[in-house]
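This structure is in structure tokens; I'll ask about it shortly.
Each chain gets a letter, A, B, C and D, in the order it is written, and its residues are counted from 1.
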């Protein structure tokens, strides 16, 4: 399957879905799933090929090229598979809602646009698909209206500034390189002066930083993710954020080139180290803000900001292990974060829109499969051994420590412990504890929701136990950038470049579990009791009042609340307010009555005449 | 007009009798209707602390006597003559009813509930006259003199049969 | 005190471990609890014999019902006793649980505790001294040794009668019956 | 030899852990002018828990307790004990740091499923306290790793045994001192016993664990004690040539922990965090800076 046919199917599919929704809903749902499956299969068939075809010549006099290779393939595969799973998930989620035709069309359009971004071989098509992706995301974020519209507006404004910066970058590069095709651009930019390379990095960097929610530009993410419909926020948080990651990888190691990028900056503090520090800052504050959230999806949104910090830290660190770790963490985060958002969506679907962590609890009794899947997702997020999160974070820590920057490693490790705290709060407040009375007749999540979640959970465990599968693809990317290979075997990474031996860890954990299980079986069997038979100092358990989940980390909140002010958000909102006041000022002048304008013209002419009379400059 | 508290009290309220009980305590006997005004008067004259409210069952005279004990916070704004004041009032035993003192002294709420539960005195206007201590219902409130504890114990606790296996002899 | 006889440990480890690890629920049901602190601290040190106070009934196998049992406290005592894992032992402490003691004619106290809960041992005295507790512990050892401390078995076997007596005094209880009728021992 | 090690090390750690528990109870008793139980009292308690038939709140309740014990057992497999250094090529100290969050996570799952607010409060305190002492602990461990430029604990121990033990060398003496400051928190001893506070939250996460569940929790507690102390001895005191010397060194550290345990009342969780994030973190941070500066 060639690239332009693939893109044609994706884009055409979204259009046809919109038309079909008029005909009948079930046909549209089936067609949407079919399209996304076809796209995923098509991308899978591209593995290993690295050809490039011009799909449009003479667009404003330029050749628009599509190309594939190790880097684009990995991102395309993630985009299409998570897009497909989220379409399947939204079958049940969107059933009773209005404008579902628009929803499916937009979802498929966004997947197609992301595919376009990833496969585009020249900067112009990259920019075109980037714009398509931005505004379609805006439309889908503000799907629920009300606060979602405000969140969408904030996202849209920030992504526009990013796109403008990218546009300036494209024009700058075209002015110097004469061509926009990636190989030509790479040749021109990597040999250019360091100032020019820095300019290109900054211009494109702003656009990708907004998308990847790097520290100053993360303000749009929490409201956008929590207001968007859940299946879309799974895509938004799982893959759309990663377009920034793709952009950075492309920018740092293809356009600017590895040698050019790493040599930028001063001897003691190279530019890529500054980026790593920004990445580290992105880890700490959002993790502890996530700790105090009471809305499930907002907690996950802040967690996404923090994990994007890990990825950015890994990528910009510039060693083969670091880039591999960052890329693998992109993959693992895409998997378990999409999974966790789907879990939040399933809970929200069953409880009729309730996402408040203070009023849920005990859902394990009614939604056991969703709990197991959430547990796997959370252990992936934390990085418990035998999950993919562990392998990727381990690579990042390994490179941070071996390259001699223990402070970044300290920040990353503390981020992990913060992740443990807020992910347990997510798990405990929804699934564990006492089941409130109003949820006693809660049914488990529907089958069409459980299927994508179980697939994602299986992937979390599969990539955790056998990290060789993703590592081989990432190794190909690393060597395409010019890094030394990782010698990745199926069980992990070989000794010289950072020994991690999943087989040893796997057997150790299995031995530990077996010994513990045997000890457990040695004891007398316990009687199974329900939640009413719980120790309450001799009293019967009061219904609906025997759950500790409100203000779960109260002492921590009291300690840390003053430091957890999101200054970047405050800065942007302040800026918006200033602009608002400025435009009000202009409105006083620009009143809309024709009389005023005539008066302005006359006054201006009078002023000119006066100047001519007094000073006669001409 | 004598400056002593008793004098002022009798000047204002006609239907009360005051008497000294030692030099530190003043006893005041009032009618059920005048209890609240006296309480307000005493509170204004510095006795702002209602120590307790209790009840006495005068079964021979067929009356229930409700007793309010007031005292002043040491070092209070007004110089108080007595350490504490005992205010008594009598209500008929078969229909014991009295106005609640919660508006003047909110602290009286549990005491009045206790008296209602154990003596059966009804307090008009009390928000929550629900049982305070007792688990079970009693036809005659247990602290009344005509409540025969031994007979009650016999028929409630005596009737609980020992736990005996059918095969074992009792 | 046959704790150091290894032979007994090998023959009946379960019974020996129950004898020398008696963790008492630290639940002050009545006036007798004032005797427990001296028992578990330096003056008498019950920990020498493996007796420790615990916070929850789930950790305990000994239940010291100390002092008079008021009607309201009986509800909590029953609930706590039922939440203790089996095998469990209960000891009535002081004369009030035996036959009502000095509150024999009070409207508000339980007279014969063993009509509501199975009691394995009694300690007479109106607040017996700490030495009496140690004597009781030693007696409990012999009872456990001879398998006579079977209060929890009796509770399971005659639960219907116990439950009936409880409901007779306390009215309707907020938790369902612990065992279905006629549970096996 | 490796297979043998998989079986021996958990048993050895268990025996040492139980001896530590017995010792600490006797040590505390002697300080309070009491005789205290025999040394093997924790063993009797565990045997009694095993024979008791308690309650289970569901599959995750059982799985959580088993996972918690498995987490501690796995960490024990990675820790060198005296001369024996297991699982050399499998990730070293980083994996140990990661495995150490498996046990609290397992106990948290069991406690959460027990649907009892006492255990939920205990778990939120346990995680907050863990966050508290992880900040200085990570600084210390990173200092040691950077100082010996390796992430394998066996190499660190070997390097220390060749030269001076960690705490004696200049930059690491600060880290060692900070480690001693947070040792009671890592072991969960008195000033920081906020997690299983019997009086306040009826022994926290263990509120609903009886019978065999409590037995597993006690074994995990014994192993956690072993892990906390042996991590200190390995990182700061250069391990030991044979297990017996290692055991003696661990006894010294335990004695230090217990004296602190006997002398202090229990802090509130905010006070514990405020303490942990003030002096120990500052000293550990300075230690790390010095190691990085001098090491360069």
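The rule is simple: a contact is a pair of C-beta atoms (placed from the backbone, for glycine too) under 8 Å apart; a residue touches a chain by one contact, two chains touch by 3 or more.
The structure presented is a predicted model; accordingly, all values stated were derived computationally and were not measured.
Chemist: If you tally C-beta pairs in contact for every chain pair, which pair wins? Let me know.
Modeler: Per chain pair, the contact count peaks at A-D.
Chemist: Which chain has its Cα centroid closest to the overall Cα centroid?
Modeler: Nearest to the common C-alpha centre lies chain D.
Chemist: Could you state the distance in Å from the CA-based centre of chain B to that of chain C?
Modeler: Distance between chain centres, rounded to whole Å: 40 Å.
Chemist: In whole angstrom, what separates the CA-based centres of chain A and chain B?
Modeler: Centres of chain A and chain B (C-alpha means) sit 70 Å apart.
Chemist: Could you work out how far the Cα centre of chain B sits from that of chain D, in whole Å?
Modeler: Spacing between the chain centres: roughly 60 Å.
Chemist: Mind checking the centre-to-centre distance between chain A and chain D? Centres are C-alpha means, answer in whole Å.
Modeler: Taking the average C-alpha coordinate of chain A and of chain D, the gap between them is 36 Å.
Chemist: Give me the residues of chain A that touch two or more other chains.
Modeler: Chain A, residues with two or more chain partners: 526, 533, 535, 537.
Chemist: When you check chain B against every other chain, which residues touch at least two of them?
Modeler: Within chain B, no residue touches at least two other chains.
Chemist: At which residue positions does chain C touch at least two other chains?
Modeler: Where chain C meets two or more other chains at a single residue, that happens at 56, 58, 75, 83, 85.
Chemist: Which pairs of chains touch one another in this structure?
Modeler: A-C, A-D, B-C, C-D
Chemist: Going by the contact rule at the top, pick out the chain C residues touching chain B in the complex.
Modeler: Within the complex, chain C contacts chain B at residues 71-72, 75, 100, 104-108, 110-112, 114-116, 118, 154, 157-158, 161-162, 165, 168-171.
Chemist: Help me check something: in the complex, which residues belonging to chain D touch chain A?
Modeler: Chain D reaches chain A through residues 6, 10, 49-58, 60, 62, 65-67, 69-74, 77-78, 87, 89-92, 94-95, 97-99, 101-102, 104-105, 108-109, 112-118, 120-121, 123-125, 127-128, 130-131, 134-135, 138-139, 142-143, 145-146, 151-152, 202, 207-208, 210-213, 215-216, 219, 268-270, 273-274, 288, 291-292, 296.
Chemist: Any idea which chain D residues touch chain C in the complex?
Modeler: 25, 29, 32-38, 41, 44-45, 47-48, 51-55, 118, 198-199, 202-203, 206-211, 214
Chemist: Considering the complex alone, what residue numbers of chain C touch chain D?
Modeler: Within the complex, chain C contacts chain D at residues 3, 13-14, 16-18, 20-21, 23, 41-42, 45, 47-48, 50, 54-56, 58-59, 61, 83-87.
Chemist: Quick check: in the complex, which residue numbers of chain A touch chain D?
Modeler: These residues of chain A touch chain D: 362, 364-365, 371, 375, 379, 382-385, 390, 394, 397-398, 401-402, 404, 406-407, 409-410, 413-414, 416-418, 420-421, 424, 427-428, 431-434, 495, 499-501, 504-505, 507-509, 511-513, 515-517, 519-520, 522-529, 531, 533-537, 546-549, 552-556, 558-559.
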